[in-house]
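Just so it is clear, A, B and C label the chains in written order, and each chain counts residues from 1 on its own.
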Amino acid sequence: MPRKERRNWLNFNNMSQTLNIQNLHASVDGNEILKGLTLEVPKGEVHAIMGPNGSGKSTLSKVLAGHEDYEVSEGLVTMDGVDLLELEIDERSRAGLFLAFQYPHEIPGVTNANFLRAALQARLPKGEEIDAVGFYKDMYAKMDSLNMDRKFTGRAVNDGFSGGEKKRNEILQMMMLDPNYAILDETDSGLDIDALKIVAEGVNRMRSPERGFLVITHYQRLLDYIVPDVVHVLFDGRIIKTGGKELALELEEKGYDWVTQELAPA
Amino acid sequence: MADSATLEAVNIDQDAGDFTYPEDYEHDAGYGLTTETIDYISDIKKEADWIREFRHRALKVFNDKPMPTHWASKDLENIVFDNIRYYLSKGQKPTRSWDEVPDDVKETFERLGIPEKERKFLAGVEAQFDSEAAYSNVKEELEKEGVIFVNSTEGLREHPELFRKWFGKVIPTGDNKFSALNSAVFSGGSFIYVPPGVKVAHPLQAYFRINAENFGQFERTLIIVDEGAEVTYMEGCTAPKFETATLHSAVVELVAMKDAKIQYITVQNWSNNVFNLVTKRGMAHENAEIRWIDCNIGSRLTMKYPGVIMKGRKARGEVISIALANDGQHQDTGAKMIHAADETTSNVVSKSISVGEGRSTYRGQVHIPKHLKGCKNNTECDALLINSNSRTDTYPAITVRGNQHATQHEASVSQVSEEQIFYMQQRGLSEGEAMSLSVNGFVNDLVREFPMEYSVELKRLIDMEMEGSVG
Amino acid sequence: MAQENLVSWFAAPPVLELGLELPDWYHQLQESSWQRFLTIPEPARTDENWRFADLKKVQFSELQAARPAQNIEVLIKRAMTERVNEFAAHFVFANNRLVYSEINGLPEGAVCLPINEALAEHGDLVREYFMQEKGSLGGDKFSALHAAATLSGLFIQFPKGTTCELPILTHHFASGDFNCVFPHTLVIAEDNAEVSVVDTFETANNDEQNIFFANVDLVATNGASLQYVALQDESDRGPKHVQINSSRVGRDAKITSAFVNLGAEWIRQESTARMMEQGSDCQIFSANLANGVQEYDQRTLQSHEAQHTTSDLLFKNALYDQSRTVFAGLIEVKPGSHHTDSYQTCRNLLGSNEAEANAMPGLEIDADQVKCSHGSTSGQISDEEIFYLQARGIDAEAARQMISLGFLNESISRLKGEAVQTYLFERFERKFRSLRDA
C-alpha cells in the first residue's frame, strides 16, 4: 500500500517522528486557556495528561484538532514535521491525527457504516473506490474485538447510544481510521469498569512503534488499564510536572493540591 | 472547498435542464388570456362542446377569484398573466416511436435521459414539450390488459365514457384560482385507466418540459384505477433558466376505486424562475390507498398541497414530502387529509431543508368531520435550517369531531450544528462532505420511499443543492 | 353595511362618570381608541386569525356599559367564601365598579390599586405600560373598544426586589342582560420582584347575556418573576368573554400565565408573549373544560426577539357534548434571535361524538441554533383506562371525570403556589360535580 511506503520513508527522518507542541497559547472568547504549553509525544509512546477541572485539558484536544472557537495566539505544533496549525480540521485528520471526543456528537440519519465509509473514502486518492467487501469484513472484525453488536453498523452515528456505546464507537472509529497520533479526551468519563476494560484493551491493541497516544484524563483509574510511558500534569494552561507512570499514582493519592502547591508559580 | 471532480460533476448536473432549442411553433395562442385564447385552444384540439363550455366557465371563475395572498406569499402578485403565452405546440400528434419525434424535441428528452430510463425500468412514457405530448407509449402487454395511457386531449376525445365521469370532480374548477386557470387552458398531461385487478408492475412515467420563454404549462392529469388494480406513476419536470418568470399550473386528479392502490411520485426540479402552482388531490374509495411521494427541489415559488379524500371505509391516504429551498426559492408545500368515512387513516411525513436565504413552509389540513368513527391521522414535519438566514414556517390545521378518533401532530426545527460538522471533519471529511452527509441523513428515511433509480438521482440533486451552502 | 354593524355594537362610547380627575393623555387615548374601534372592520373569514372561528358569535348589537349591579352583598359574600385568607389582597368588582377590597399583607413599597385610582394618582407610570402592545392576533377591535371604555380592575406595581409569597386575588362579576364590563389588569414586576395575581371572572346570575372585554398587560423587567392566572367561571349559557393578554419579558425575567376556562358560552382569548431580552422566559398554560354548546377560541403568540430566550406552552382541552375549541398558536423566532428554545403543545380530550377540536400550531423560524417544536394530539379516554378504575370500584362516570381532571390538572400543576393550585382545582371539582348532577 502506498501509504505504508510513505511512512517507512519518513521513518528515516527520526527527528520529526513526533507530535511536538511548543509554547502553545490559545484562547476562547478572549480568555487565554493555554498559556505556553510545551509537550512532545514521540511515536511509539503513550503520554498521559492529568489535571484538575479547568486546567485546559479539553481545550488542548480541541486546539490540536483545529476547532474554530479556539484561537491560537502563539506557539507551534508539528506532526511528523508538518505544521499542524496550518491545516484545516479535516486535513489534520487525513494527515493522521485522531481525536476521541469526550462527548461524541450525534449525527441523526447517518449510519455508522456509511459514516466510516465516507471517512475512509476521503482518504483515498481521487478516482479510487473503497472495497466494500473488505471494508465490512474489517469493520466486523474490529467490532467483534470491542464486543459491539453488528446492528450498530445500521444505526445512526451515536444517535441514542449510551455513554459506554458512544465511547466504544470512538475506539472503533480510531481502529478503522488507523491514525498516527490519537488523542483520547477523557475517554473514561461515563464508563463503568467493564466498558472501561474493553475500551482500554482496544487502545492497547493499537499501541505500536508507529503510533503515539495522548491520553487526557482527570482520574488515575484509566491509567491502570492503559499504562502510560510518561505522565504530565497540566495546570493553568501549562505542563507543570512530568514524570513516569508512578506520578499518576502519586497524584491520585495526594490530590492535585499537592502538585499545584508544590509547583505552581506563586 | 469541494474538489474539482465534485464541482465538475455538479456543474454538469446543474446544467442538465438548462438548455433550450430555438422556438419553432405551428400553434401559438399569443400573449394574454381572453375568451379568444380559449376558443383558439379548443379549435386546435377539435374539442367537444361540453369541454369548450367547461373552459369558458372556468375562465370566468379564474377572473372572479382573488389571489389568495391573505394567507399565501405576496410573490404571487408578481405573476403578470398578460405576459404569458397559454398555448404553444408544433402541431404534431404524440408518436409511439422516438424516431418520429422532431429532432430538437427528441434531443431534448435524450439529454434528459428519458428514452434510456424507458428502456431500463418503465412500463410507459409520456413526454410533454410545452403544451402537447411529443411521445407517448405504453408497453404492449399492458395495452392488451386494457391499460389506457394517453394525453388529456386524446383521453377526452377517445374515451369520454371513462374519463368524463371523474373529470373535474375530485378538484372542482373553483377549488382555487389556479385550478380555475388550469381548467380554462389545460393542455397535455396524462389520462390513465387501469382496469379491475390489473397490477402494473413497473412505473408509468411522464416528463414535462418547458422550452419556451414567457410560457405557461397547464397539464391536466386524471388517473383512474379500478377495483383491486394498482399503478405507480412518476413525473419529472425541467425548464431552462430564463430571465423572466414562467408559470406551471397543473391539476392532477386521482381516483382509486375499491381496494385499488395508486402511488404518485413527483421529482420537481424546475428552474428558479418557474412559479409552480399545482393542485393535486386523490379520492380513495373503500379500502383503497393513495400515496403522494413528492420531492420539490426547483422552482421560484412552489405551492402544492397534495390531498386525499378518504371516501370509503378503511381508505388510506399518505403524503411523503421532501422540500429543499435554496436562495431565492420558496417551497410552500404540505398536505390535505379529508376523512370522509369510518376507519380511514392518513399519514403525513414532511421534511424540509432551507439553505441560504431559502424559505420552506409546511401547510397542512386534517379534517375529521362528525359522525365518523375510528379515523386516525399522524403528521410529522421536520425542518432543517442550514444557514443563519434560512427560514422555515409550519402552519398545520387539525379539526377533529367526535370521540372515536386519534390524531397526532409533531413538528420540529433543528439545524446541523457546528459541533456536528466539527466532529465529522475530525474524521477527515471536508466541510461540504460533512454537510451533505448530514443533510442526506436527515432525509434518508424518506428518500428510500422513492424507486431506486430516483433515490440515487435525488441524493445527487440534494448534494448539488448543498454545494456552496457552507463556509 | 359593515359600518352599520359597527355602530350597532354600541351607540356611544361605554364611558361612566367616576368622579375622578383622570389625566389628559388618557382622555385622548379613549377618544382616539373609540374612533379606531369604529373604523376597524369586524372579524372576517378572510382573516387567518379568525380561521375556524364562529363569526356569528361576534355579531353584537345593543350592548351597553353596565349599570350598577343589584344584590351586591350577595356577590361579595360569594367572593368571600373562597379561601381569601390565602391571598395577600382581595378586590371585588361588580359591573365595572369596585365593591369590596381587603389587604392582608402586601410587601412594603408594593402598589395595588384600582386602575382608575392609579390613573388619577400614578398617571405617568400607568401610561408607560398601559396597552402598549397593539393586538396582532385578530382582536384589535376589541382592544380599541376596551381602551375607549371606562375600566375596572387593578394596577399592581412591585418595585425592585419586592416579593410576596401570597397571590393577589380579584373577582369580576357581571350582572344583567347585555351589560358589558371592561376589566383591566396591569402588573409591573420590576427588577428581581416576584408577584402572583389571580383574576376570577364570574356572572351574578345564570343565562344572562353579559360580555366581558378584558385586557391584561404584564411586564417583568430584569430578573423579575410574574405569575398571572385568569379563571373564567361564568355561567355556561349566555356570557361571552373576550380577553387579550400581552406579556413583555425582560432580561432573565420570567412570566407565567394561565387561562382556565370553565364557563361562558363563547370565549376568545389572545395571548402575546414577547421575549425581548437575553434570558427571557415565558410559560403559558391553559386548562379548559368545555361542555354544552360552549366554544373556546384561543390564539397565542410566542415571540422570540432576542438571543438565548425560552418559552413553553401547554394547552389542554377536555370537550363534552357539542362543545368546540380552537387553538391557534404561533412560535415566532425573529431574525437574529439565535439560541432560542421554544415549545408548544396542545392536547384535546374528546368526550363526546359531537365535540369538535381544532388545532393550528404554527412555527415561523428565522434564526440559527434554534430548538423549536410543537405537538398537537386529540384522542379520547380509552376503555381500558375506565375499566381499570371500575375494577377498583369506581363507577364509569366518576372514572371518566377523574381521568379528565387528571388530564387538565397536568397544566395547572405547573403553576407556582399551593393557594393558586388548590383554588383552581376546587373550581374544577365543582364544575365536574355540577356536570354530574345535571
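As a working rule, a residue touches a chain if its C-beta (ideal position, glycine included) is under 8 Å from a C-beta of that chain, and two chains touch if they have at least 3 such contacts.
No experiment lies behind these values; they were computed from the predicted model shown.
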Residual chain clusters - chain B taken out, nothing else repositioned: A | C
{"item": "Leader among chain pairs (count of C-beta contacts)", "value": "B-C"}
{"item": "Chain of greatest Cα-centre distance to chain C", "value": "A"}
{"item": "Chain centroid nearest the full-protein CA centroid", "value": "B"}
{"item": "Whole-Å gap between the CA centroids of chain A and chain B", "value": "50"}
{"item": "Geometric centre distance via CA averages, chain C-chain A, whole Å", "value": "57"}
{"item": "Rounded Å distance between chain B and chain C, as computed from the means of their C-alpha atoms", "value": "44"}
{"item": "Where chain B touches two or more other chains, by residue", "value": "417"}
{"item": "Sites on chain A at which at least two other chains make contact", "value": "none"}
{"item": "Residues of chain C touching at least two other chains", "value": "none"}
{"item": "Chain B partner contacts - residues on chain C that touch it in the complex", "value": "46-48, 51-52, 335, 338, 348, 350-380"}
{"item": "Partner chain C, residues of chain B touching it in the complex", "value": "70-71, 370-371, 383, 385, 387-389, 391-415, 417"}
{"item": "Contact footprint of chain A on chain B as seen in their complex", "value": "3, 5, 417-420, 422-431, 433-434, 437-438, 440-445"}
{"item": "Complex contact set, residues of chain A against chain B", "value": "65-68, 88-90, 92-94, 98-99, 101, 104-110, 114-115, 118-119, 122-123, 126-127, 156, 173, 177"}
